[in-house]
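In the two complexes that follow, subunit A is the common piece, with subunit B as its partner first and subunit C second.
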Partner chain A sequence: MARIETESWPATYDGAARERVGFFTDTSVCIGCKACEVACKEWNLLPEDGFVFTAESYDNTGALGSETWRHVAFIEQDVPLIETAGDGDDDGNPMRWLMSSDVCKHCTSAACLNVCPTGALFRTELGTVVVQDDICNGCGMCVPACPFGVIARRERDGDGRAWKCTLCYDRTKDGLTPACAAACPTESIQYGPLDELRERAAQRLQSVQQQGFAGARLYGEDPGDGVDGFGAFFLLLDEPQVYGLPPDPVDPTKRLGEMWGAAAAAGAALALGVAASLLGRRG
Partner chain B sequence: MPGLGASFGRGGATTFQQDLANSDCIVIMGSNAAECHPVGFQFVMEAREKGAEVIHIDPRYTRTSAMSTHYLRLRAGSDIALLGGVINHILQNGLEFREYVKHYTNASVIIDDRFLDTEDLDGLFSDWDPSERRYDTTSWSYEDMQVSASAGEREQGGTMGEQAGHGGQGAALSHGEPPHEDPDLEHPRCVFQILKRHFSRYTPETVERLTGVPAAQVVWLAETLARNSGRERTAAFVYAVGWTQHTVGVQYIRAASIIQLLLGNVGRPGGGVMALRGHATIQGSTDIPTLYNILPGYIPMPHVHEDASLKRFLEVYSSYAGFWGHMPSYFISLLKAWWGEAATPENGFCFDRLPRISEDHSMYQIALGMREKTVKGLICAGQNPAVGSANAGLYRRAMADLEWLVVRDFVESETAAFWYDSQEIEDGDLRTEDIGTEVFFLPAAAQTEKSGSYTNTQRLVQWHHKAVEPRGDCRSELWFYYHLGRIIREKLAGSGEARDRGVLDLTWTYPTEGEIREPSAEAVLAEINGFGPDGKPVGAYTELKDDGSTSCGCWIYCGVYAGGENLAARRKPWTEQPAAAPEWGWAWPANRRILYNRASADRHGKPWSERKRWVWWDAGTGKWTGEDMPDFVVDMPPDYEPPDGARAEKALRGDKPFIMQGDGRGWLFAPSGLVDGPMPVHYEPDESPIENLLYGQRSNPVRQQLRRPRNPHNPAEGEQGADRFPYVLTTYRLTEHHTGGGMSRYVEHLAELQPALFCEVSPQLAAERGLANGGWATISTSRSEIEARVLVTDRMHPVTVDGRTLHQVGMPFHYGPRGFARGDAPNDLLAMVMDPNVHIQESKAATCNVRPGRRAAHRRRRGPEPGAG
Partner chain C sequence: MSKHRPDYYGRPVIKQPVWKTEIGWYFFSGGLGGAAATLALVSRLAGRRGLARRATLVSALALSASPPLLIKDLGRPKRFLYMFRVLRPTSPMSIGSWMLGAAGTAAGAAAGSDLLDVAPVAGDTARTVAGLLGPAISTYTAVLISDTSVPVWHEARRELPLVFAAGSAASAGAAVWLAAPADERGPARRLAIAGSAGELVAAHRMESALGELGEPYRRGRPRRYARAARRALAGGAALMAAGRRRPMLGRMGAGLILAGTVCERFAILRAGNMSADDPRYTVDPQRERVAGRVTS
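And now, the complex of A and B:
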């Protein structure tokens, strides 16, 4: 059983909880083929997202959204891929082309789920976060709550219900690998028990650093971060913001207690003031 | 693939993709493997993870470059110069794998004293006939040895050895051992010394001037390759159509083959030359050919005048030594497979019922024939030439000259719709009401809707099973051709005409299945595998006979149905079997995964090293054994000396691994098999903005030019008007689309990923021409002009060539006016100008001009585009 517990998993499942699963996306071996985007859309029956030429490198889908649940970012940089020393092949125009497949993070502390008023968003027995499309009423409260801008409302259906990656709940609950991970030809997208993935990622980071990849780091593996760790975390070759990812994501609902406390204190102070003034008047 | 055929004996990749993971150094050149072969690229990534050098050499920085440990940018069309620089550095510094070179290649063989090199003739080899624009190649022979012209000299430009090229009859030497050799490699006319002189002018500095690759990098490349070769290490070359689509493309592959032979990297794990094929079962479509000039298994197609009798045909095309010595068994078994009982010794096994060729009937000649109305009808299946062929505009006009056209496809492609939806119709150059072509569109079943096999890049035959029934009228190709043949035979039934016997006597009795009467693909595979005298499937091509007692649809596929089992359908996971994964599908020949693998052992049969062991001689059992099926006579000892009068494979020595060649050696120098030279020469592309800095001869003299009013060539450097086309144009593919787009542009989930035609330009060129990222550009050549969106990227960078700054423009070729992802067709820009060995067009290097904004016809029709650059 994975150590990284969430508020409702495994606690609310009694004996029915299964190992918490997730993704480890190792961007150092991503070849930018977009097979994950296509496999995701095919399995989840998602519509196309518009035929728009963006002139932004090879990225024409732009971002995650209600109709794109895997998105490959392409970042062209004028630094070398590997810091090599004097082997004579530097042509004076070093460059690298970073590619990274983004996805819902299935946060340990998931703001979308925490703010959902209908219970449409729920924590599955696998520890993943899923929207139930037959319950969602399209209120959209989850959209601003997500610190990554992942979940989004689909307007073309007319009801504005919210959609995002389900970590292929309809596959994983039956023991199948999610469509994107199954389609990935280089094992850039790895699926499995979160604990195992974290161990693998730590080893992988070491090996990548030894190979000379400058700036390699893990993103979202730390249970002490603002969302208590991601269920889908990454090995990046540069700072998260280079990939369009927030460097320090925080679940805004984590501060609810603090805010309630502050509100209560303020209320108490107000009450005291009122009481004092009344008492004073009496006096 | 004559480059490989002439070098090693067989026209297929010498290794398999999984084996790339065993390489210590992988040079990817003329290939964008990560984008075009993403699944197979995992093995390159695996090698990189194990510490291999991965070097990508390309005009563009692509997704493959991004995955490589090193990237070298070169000018499109200058690859032979760079490879020549590597060969020169190896030879000048003694970096070759001497023992391998001495025993396994033809380095020691003395060449005819009439042979003259490009060094002597300013860029031409001996016996050039300027009026016929062809070579007489007899002076390129081994001294005192008759070299058979394996496919005759029967076409414009000469195609001697064309079949050799594809399959490996290059080595049609009249007996096994070359008459004169110098084992010390010092005789001035031995191959080794000729090679050394030939490449001596490819110095690092000259190579830099030609290619734009700095001299230090040329040296670094050669040193890195040499450091990763030898007994303990191996290096591999990976190429694709970035090499073949040039007017001297076959010689690109020859140049890499020479490097690999010099460094001893062929037939060994982690080595070889990996030819990545363009799409699914392209290898299969040359094995069981869709080409006009060969029969299944690379047997030449008989010629109308020269191949009158079976006896003469067999004499000409059998070789004395090597496995082509059994060509009569392969060929007569093929005739028996096709004509069965009707094929008898008395009627020459129906040899006279085979169609004959009379000239070059390749794709572009057909297009010109359509224009000239000598070709009246066309059946077009699995192809979208209206956007996918060079000078596609000419092709579309040619289709308008046809009487009838049949298109079989999944979608109503640009080819099917050319008569009402094309650039010509849109621009008013053609009018639908003037086109007399009767067009039939027949919907095709997809691969999921039919069973059958793929033979992919590594000669691997893999079976796929039907998942669902085809919808509506969609039908498989097999269904279409089987029932077409059946109906034709019904219509001809009872005919007394001799000309109809060829069709009526065919064995056309395939069992059919299901409601739609789909022919059994397995029955076809069994026929291809062949049957022995007892009516049971044969297990190997060595069982075939030339007396009519065996039948076989393609001799190299013998064994795929051994024991009555469809071995192509095997899917044992790699984790449960040895490294070569022999029980995943089935690879020709004889399920060998690395070809010429006897070369993985030294001449005494011992592995060169423990680290690189693969196949070796086991003296105890008296057999070759190892990780793979030995590509050798399994019980022929390494010290075998052929006795007098030995023939075929028994005429080759036990230390000669290239068993399809007449002398058993890898060919550094190709005395036959190629029409444009025994060694590669740097020629400029047909269209190039610079002169040939090496020789007076500018471009490949034998290239096929097909100059016509609608197929003009851009003026070459030095000719009037050359400055109109100052930039280099190169075309290519994207991961997101498939060739002419019929399988991707019409699929929403793929189309949205690359929704529009674009051109890739450097920031420098964008500044020079005023191009805006995301705006429009018009790209022009003397054939056409097209418009495209602009993608300005640092991945494109000008190269410095002979002191000049040269800009290159890149365009993916997939697009056309239909489907979800649309655009003009970049193939409209290209000329029909071809390599003389294989008739492949030069799509990878041409000249062009670029200017901002949309093309003139568009502006005329719609007015200027606001804010579109």
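And now, the complex of A and C:
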């Protein structure tokens, strides 16, 4: 099967590439304060999401979108936080509250970037994935391509373009920490060189598991996954889908060879069919 | 508050496609125009000039309808020329834009040459370019929607191109049959009938291959579109077969086939939206994949 090379970005910068940076979001210490959501909106001048009460949880924003680049998820479960502890509500029933600040994953193989026809989406010298708002023509191709449902088209005020987290490119390129990570009071959101974050995450996972968090796992740290590893990965306390995340995301572009192969076969069948229709009697 | 709730309040994991009805019509017009361009080239090579002229005209008209439909669907229509900033091999939308630009221009030039009776060599060259690009124009849209995370499209990536190719053949056959003189249109009739049969088989094959993921085709609007497509294609093909000597039946049949291929495209488009909107379709196959890796 033909594979399309999408992972060689440092070479395209001709020596100007810098160390790849990213986020490690450790949800085990997230307190659901939403400082990240607010800091993101302030720094990136994003409009408010509407003061919506979902009636399901403290989640007001619901999902990542064109104007929500950090999204804090709230999940209530009737299981104890730590298997051995007697955590629970006032009646002694077990319950735990999971909180997690979601963000664009800045995939190594980024579907949004691969399918973009205009080159509006590009990979920065820091290895992050950014939309150039002066080039995007709002074709919408990246929206269903993203396996995480991150990127979206902004329909407000006739904007029409696709928007998502830039990993604060305007800060990171000058050596500053992204707004969300800077605002996070518990260091649930950690920013830094990706290799360093991966090491730190492995240690953190070990310590969390030793403390008895049975469901703890890293999500997106493996460069062998379907998007060749996330630039923004997570420590979760339950399965990814519980947080609204896909358990085994794949960049659809990885199967492009298969798709064009099927299209070539179908196109050949069409040409043969047309030729066959001209055989036989006139009229 | 269930212990094992497998999703986040039932919210979708992926985003729904933002494409509006223009895209369904574009799938139709581009497919029709592409297949008609190929029919034009092959009939010209077979020495059937009358048929070639009509097929060329049909392809030029259909392909000229395509860019306005695509531009209208852009979030920033004034930036449509940005499609030609770069050629991106990993982007089916990019490749398709360039192919459509080339095929549309060529079909228009060939039709102009025919109508004005000028530059026959250039006209035939243009017809050749459009005719060679025709099958690609008719099928690349399948690649375009397969290259997304929408389960009902991505998991049908091997079957979708044939659905688009057969539908394109059917609609081009029907449209050219309507446009061509009575003594020249036999090939168009055969193409319309064979294309309709092929579309029925290809759509069935796609839905079977999808298994449970193909559920959207059996629910709500996609189901109604798919059912209408099946009935229109079967009825239209039967009428065209029966109406060989009765033009009225033939015209009804051709109309039904055109309607059927439109319905099939809207079935596919709407099924994509439904498939994206339900997290089960995204999560369940991925969980099975993960479970398979753990146990093996």
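Here is the rule we use: the second predicted complex is superposed on the first by the 244 of 283 C-alpha atoms of A that agree within 3 Å, B and C clash if a C-alpha of one lies under 4 Å from a C-alpha of the other, contacts with A are read in each partner's own complex, and residues count from 1 in each chain.
In this section, contacts are C-beta pairs under 8 Å (C-beta built on N, C-alpha and C of every residue); 3 or more make two chains touch, one makes a residue touch a chain.
Owing to the predicted nature of the structure, the values given are computational and were not obtained by experimental measurement.
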**Asked** More residues of subunit A in touch with subunit C or with subunit B?
**Response** C
**Asked** Touch check for A:W97: first (subunit B), second (subunit C), both, or neither?
**Response** first
**Message:** Looking at A:I135 after the superposition, I want to know if it touches subunit B, subunit C, both of them or none. Which is it: first, second, both, neither?
**Reply:** second
**Request:** Figure out whether A:A275 sits in contact with subunit B (first) or subunit C (second), or with both, or with neither.
**Result:** second
**Message:** So in the superposed three-chain picture, is A:E42 touching just subunit B, just subunit C, both, or none of them (first/second/both/neither)?
**Reply:** first
**Message:** Let me test your reading of the model: by the given contact rule, A:D78 touches which partner, first (subunit B), second (subunit C), both or neither?
**Reply:** both
**Item:** Which superposed partner A:A182 touches (first subunit B, second subunit C, both, neither)
**Value:** neither
**Message:** Is A:P246 touching anything from subunit B or subunit C once the two structures are fitted on A? First, second, both or neither.
**Reply:** second
**Request:** List the residues of subunit A that touch subunit B in one complex and subunit C in the other.
**Result:** 54, 57, 76, 78
**Item:** Contact footprint of subunit A on subunit C as seen in their complex
**Value:** 1-3, 5-9, 11-19, 35, 38-39, 42-43, 46, 48, 73-76, 79-80, 82-83, 85-86, 88-94, 97, 134-136, 138-140, 142-144, 146-150, 153-154, 157-162, 164-166, 168-169, 173, 182-188, 190-191, 194-195, 198, 272, 276, 279, 282-283, 286-287, 289-290
**Request:** Can you check the complex and tell me which residues of subunit A touch subunit C?
**Result:** 4, 6, 54, 56-57, 59, 62-63, 73, 75-79, 111, 114-120, 135-141, 143-153, 155, 159-162, 239, 241-250, 252-253, 255-256, 258-260, 262-271, 273-278, 280-283
**subunit A-facing residues of subunit B, complex** = 34-35, 38-39, 41-42, 45, 49, 55, 61, 63, 65-73, 214, 216-217, 219-221, 224, 734-736, 748-756, 758, 773-774, 789-795, 797, 820-821
**Request:** Under the touch definition given earlier, write down the residues of subunit A that touch subunit B in their complex.
**Result:** 29, 31-35, 37-38, 41-42, 47-55, 57-58, 60-61, 76, 78, 81-82, 84, 87-89, 91, 93, 95-99, 185-187, 207
